[in-house]
Amino acid sequence: MSPDLSQTHPHGGPKLYAAVLAALLVLTGITVTSSYIDFGSPAVNVVIALVIASIKASLVALYFMHLRYDKPVLSVIFVGGLFFLGLLLMLTMIDAGSRDSVPSWNSKPPAGGPVAR
Amino acid sequence: MNWLRSLLLPAQGSAYAGEYDTLFLFITLLSAFFFLLIAATAGWFVWRYRRAREQAPTSMVTQSLALELTWTLIPLAIVMGIFFWSLKQYVGASVAPGDAMEIQVTAKKWLWAFEYQNGTRTVNEVHIPVGKPVKFVMSSEDVIHSFFVPSMRLKQDVLPNRYTELWFTPATTGMHTLLCAEYCGRSHSDMLGKIWVDDDATFQKWLEEGDESTRTMPLKELGKMLYESRGCSTCHSIDGTRGDGPSLKNVFAHDIKLADGKTVIADANYIRESILQPQAKIVLGYEPIMPTFQGLLREREILALIEFIRSLN
Amino acid sequence: MSRTAGEPFLQHHFATPEQQFEAGKIGMWLFLVTEILLFGGLFVGYGLMRSRNPAAFSEAHHHLDRILGLLNTVVLLVSSFTMVMAVHAARTDRRKRLIAFLALTLVFAGVFLGIKYIEYSHKFHEGLLPGKFYSHKGDTVPGQFQFFSFYFMMTGLHGIHILGGMGAILWVLRRSVQGHFSSRYYTPVDLVGLYWHLVDLIWIYLFPLLYLIR
Amino acid sequence: MKGTNYLTETRGLKSWLFTLDHKRIGVMYFWSIMTAFFLGGVFAMLVRIELLTPGRTIMSAEAYNRMFTLHGAVMVFLVLIPSIAATLGNFVLPLMLGAKDVAFPRLNLASYWVYVTGALFALYSMLAGGIDTGWTFYTPYSTSTGGAVTAMVLAAFILGFSTIFTGINFIATIHKLRAPGLTWFKMPLFVWGMYATSIIQVLATPILGITLILLLMERLFQIGIFDARLGGDPLLFQHFFWFYSHPVVYIMILPGMAIMSEVIPVFSRKTIFGYKAIAFSSIAIAVVGFFVWGHHMFVSGQSPLAGAIFSFLTFLVAIPSAVKVFNWLATMYKGSISLEAPMLYAISFLLLFAIGGLTGLFLGSIATDVHLHDTYFVVAHFHFVMFGGTVIAFLAGIHYWWPKMFGRMYSEKWARVSAVLVFVGFNLTFIPQFIMGSRGMPRRYYNYLPQFQPMHVASTIGSWVLGLGFLIMAGYLFASLRKPYDAPANPWGGATLEWETASPPITHNFETTPAISHGPYDYAALRSDA
């Protein structure tokens, strides 16, 4: 009564999966190598690391997790989740980045100062 | 509109409060208009279209793009208007003028400590000159508090390990209430202060010599006043009930058992030390949590407190 | 559960196996999104704290062992590969391969935890512990303990997910041995696979953020 | 099998505790949540009595602080968040879709048991000394105060899972279990509301989870993330907390709006006006609701730039709510309106929610909020939305679906008396609080300036009227349960699918999968059928 699910949902095969694994390992190598290179600013290293991580994550999601072949609704759910996470990150960082520290005639650190540890 | 203003809002302490009230009343009237519109429409429909018989025919209209756009875009335009008006006011209120007088504020459970540039310190009471911008630079020693002056329509949270600030220009002389607006524990609702706005001459005199009352009031009365205004009463009772600190009733000249096992007699020197260096001797059964009042009390004020405690026997 | 003939795992309120399969997938993906947001909170906290105190974070991360981190990354990537192969085997009705790949995934997961154990015991030995237990001597930049707060929170939560994943893999392994799965019904294998890939996906971000920052 | 229904088909406690039937789970949720509501109501009454006089009236400051914290925590986590979705949503949603159950019945049962577990943790926290942090758990107060904070935080964490399970279940159900022919735009608007609610449940709750874990770690191990003394940032906690807790407001109110979109057309005998506008505004609220959390932090020390952005976005989210109100009003236009209890509550909702929404303008506007933040104005505002909105809508829904859930009609006369008492009592309780607030009365105050006493007394008397209304309601609802089944299948003349099956429904909901012959609000078709 039910059609063979494997026919209705192509998901790639062992060859494709092996290729994806190879790509993931190569990308891992590139991240590690790049972390030893000084690009002048630590921010550049972070950006490079995160971009490579995102490529790797996309490969896993698209092929290992079949998003490429599945119904679009699943991709919408996944990307939607990432979108709201991005929102939290962005608006929180906007606040943290634009709080001004109040200059004062009294150069003491504010009350309740940090406990050294 | 004055009756509405005085029904809904406290007295105005600054020109900013006047501007604030204009915006507040604008939103109030706007809201009242829309509320009455909705209520009247609902009431009219309920009465006009009440079900008279079971099979009464009803309208078949189910949508209208024109109507949807109308009641989307008109409210949108109105709220955008409020947003920009409000933003303009907020920006004006955020940035203190460069010549503002600075007062350092330290909040802790449950009192407000103030320090002037000349080193004068006060607790729960602050004097400022009329007509001049004053900037409070604030931080907290423990949890989050909030510096709230209703008559100035201003409020700012006070955080540990960070400075926040709040400024205003008081318009008339008199007393303004300062409240803590961020919940901070047992005596949160007693963490009140008084902001005295003085004319210039009175303020200068106060800054140099202290309060009229501090100089002339009888010691015992002054002590009672300080006990209530400087935050002593939030932890120390005078009727023998146990608080976060020991009660002050029947303390003077009595034996006090200390946490380290020793016993001392509570004479004037012991009480002075307990006010200025509270951690030096801890009473048995209590936590060492009292903040120091070193520099916060004038000599005569300490004497007054000792006299007051003596009177509680 | 009423069992329609020929479809022993079709629940009564679904009309067809596809409907049940697709509903399961939607449910699983929604669950994965909640996991992403759960970890996401930690990532946001990490980002904020790091931007407040970059020197301490950079200094503190030198205490982590890059080689072990790299090794674990490779182990986890390979385990993801074996997992997707297991799903493929289930879909193509190859029961023995399914069992073999599931078992292999389980082994890699164990290796990952083993390496993590070695790393943790090093840290414990050096006093690089979370929060008030931090007792490492000789820090040059204050606030380094915050990095380890995040390190332990993130890798700890991730480790718990690995453990949960191992439990789930064990469960489908048992059901595979019992012969429950075929090309007509392999929903649990597919869903556990999705979960396992997510655990991998999170590690893909954890590795550079914790081990490779400068 | 003729004559049996989901209530009578199987008997015994076990048949309930381990049921997979969405209707029974909904009913169990209903009684559990009502118990919590009663408890939270008692806390509220005690708070109001204490505030009759400044200083001590019946309890100490410590006891008062615990009282308002527990009132907030119980009402938010145990009542309002699950309320409509877990009870009426669970019961009605599959019926409306013509489905036999939700997509994952076992997950549904798990959700209930997780809820009970969370409730037990909360109860333990109350018995083990209670907590005095306020339901918002602000750091560093919550990491430094005594009391059973850990247990309550764990309770909220566990309850989060119950919410997530419900959300996942509803989304999958709506996607996959609609009856053949029931396309997205033929679904009742209640289902759209539940869909929007579920989106928030799934996306927001995990952030609460991680926030509470971090809070516990901070409290137990001092990890230095929220605690300023250790270099952490207390505002980060507030960002996390409100990223969850603002959308949660929409988890509470969207189901209320969803009920409105059913009750108003049925009792006006008129097709809902602006179906798509209402459906899309639900989704818009769910999405934009995530952009506005910073309006809780205008005076917190958040940067003015962030404050301005949040204020702007907050005004945007006001629009879809206004659109809904106008569409409901338009639905009543030229209808055939009858004022039975559910419709009385619906009219109450319109008025009270309008006040709740309009007073939100004061708080979304950044300059006016500075003065009003953390005063009774805010307290009154969110009670108008949470009680005047969610609870009143919940009551409308209970009265609307009571015949379907339990198969009995309640006393209409007493229902009207109680509805009027609730409306009057509520307004008497909270309108004085608006005035106190704008005059400068901060919230969470045990002691207060004598000038506020008359308004506090009025507010307390209002709470007694409100309590009386609820007592009467409990009376006639319990009385109805003692009667034999007397509810017709479709007492109100509704056109959605749940009215096509018997009252109460059979265990599998429908004898045969229903065919979609008319729209959810097509009362004309219903009449021609009859």
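As written, the chain order gives the labels A, B, C and D, with residue 1 at the start of each chain.
We adopt the following convention: contacts are C-beta pairs under 8 Å (C-beta built on N, C-alpha and C of every residue); 3 or more make two chains touch, one makes a residue touch a chain.
Since the model is a prediction, treat every value here as computed from it, not as a measurement.
Asks: With contacts defined as at the top, give the pair, C-D or B-D, that has more of them.
Replies: B-D
Asks: Hey, which chain ends up farthest from chain C, C-alpha centres compared?
Replies: In terms of C-alpha centroids, the chain at the greatest distance from chain C is B.
Asks: Using mean CA coordinates as chain centres, what's the gap between chain A and chain B in Å?
Replies: Here the centre of chain B sits 45 Å away from the centre of chain A.
Asks: Per the centroid of Cα atoms for each chain, what is the distance between chain C and chain D, given in Å?
Replies: 35
Asks: Using CA atom averages as chain centres, what separation in Å is found between chain B and chain C?
Replies: Computed from C-alpha means, the inter-chain centre distance equals 50 Å.
Asks: Just curious, how far off is chain D from chain B if you go by their C-alpha centres, in Å?
Replies: 33
Asks: For chain C, what residues touch not just one other chain but two or more?
Replies: Residues 22, 26, 30, 33-34, 36-37, 40-41, 44, 48, 52, 142-143, 145 of chain C touch two or more partner chains.
Asks: Which positions in chain B touch two or more other chains at once?
Replies: Residues 142, 160-162, 164 of chain B touch two or more partner chains.
Asks: Mind pulling the chain A residues that touch 2 or more other chains?
Replies: 73, 80-81, 84, 88, 92, 96-97, 112-114, 117
Asks: Which of the residues in chain B come into contact with chain D in the complex?
Replies: So the residues of chain B in touch with chain D come to 7-10, 20, 23-24, 27, 30-31, 34-35, 38-39, 41-42, 45-46, 49-52, 55-64, 67-68, 71-72, 75-76, 79-80, 82-83, 85-87, 89-91, 93-94, 142-144, 146, 148, 150-151, 153-157, 159-162, 164, 177, 179-190.
Asks: Quick check on the complex: what are the chain D residues that touch chain B?
Replies: Listed in rising order, the residues of chain D that touch chain B are 61-62, 65, 132, 134, 138, 140-141, 144-145, 228-229, 231, 234-235, 268-277, 299-301, 304, 307-308, 311-312, 315, 318-319, 322-323, 325-327, 329-330, 332-339, 347, 350-351, 354-355, 358-359, 361-362, 364-368, 370-371, 373-375, 435, 438-440, 442-449, 523-524, 527.
Asks: Can you name the residues of chain D that touch chain A in the complex?
Replies: Touching chain A from chain D are residues 175, 203, 207, 224, 228-231, 233, 235-236, 239-240, 243, 290-291, 293-294, 301-306, 309-310.
Asks: For the complex, give me every residue of chain A touching chain C.
Replies: 1-2, 4-6, 8, 11, 13-14, 17-18, 20-21, 24-25, 28, 31-32, 35, 38, 42, 45-46, 49-50, 52-53, 56-57, 60-61, 63-65, 70-71, 73-74, 77-78, 80-82, 84-85, 88-89, 92-93, 96-97, 114, 116-117
Asks: Could you pull out which chain A residues touch chain D in their complex?
Replies: 73, 80-81, 84, 87-88, 91-92, 94-100, 112-115, 117
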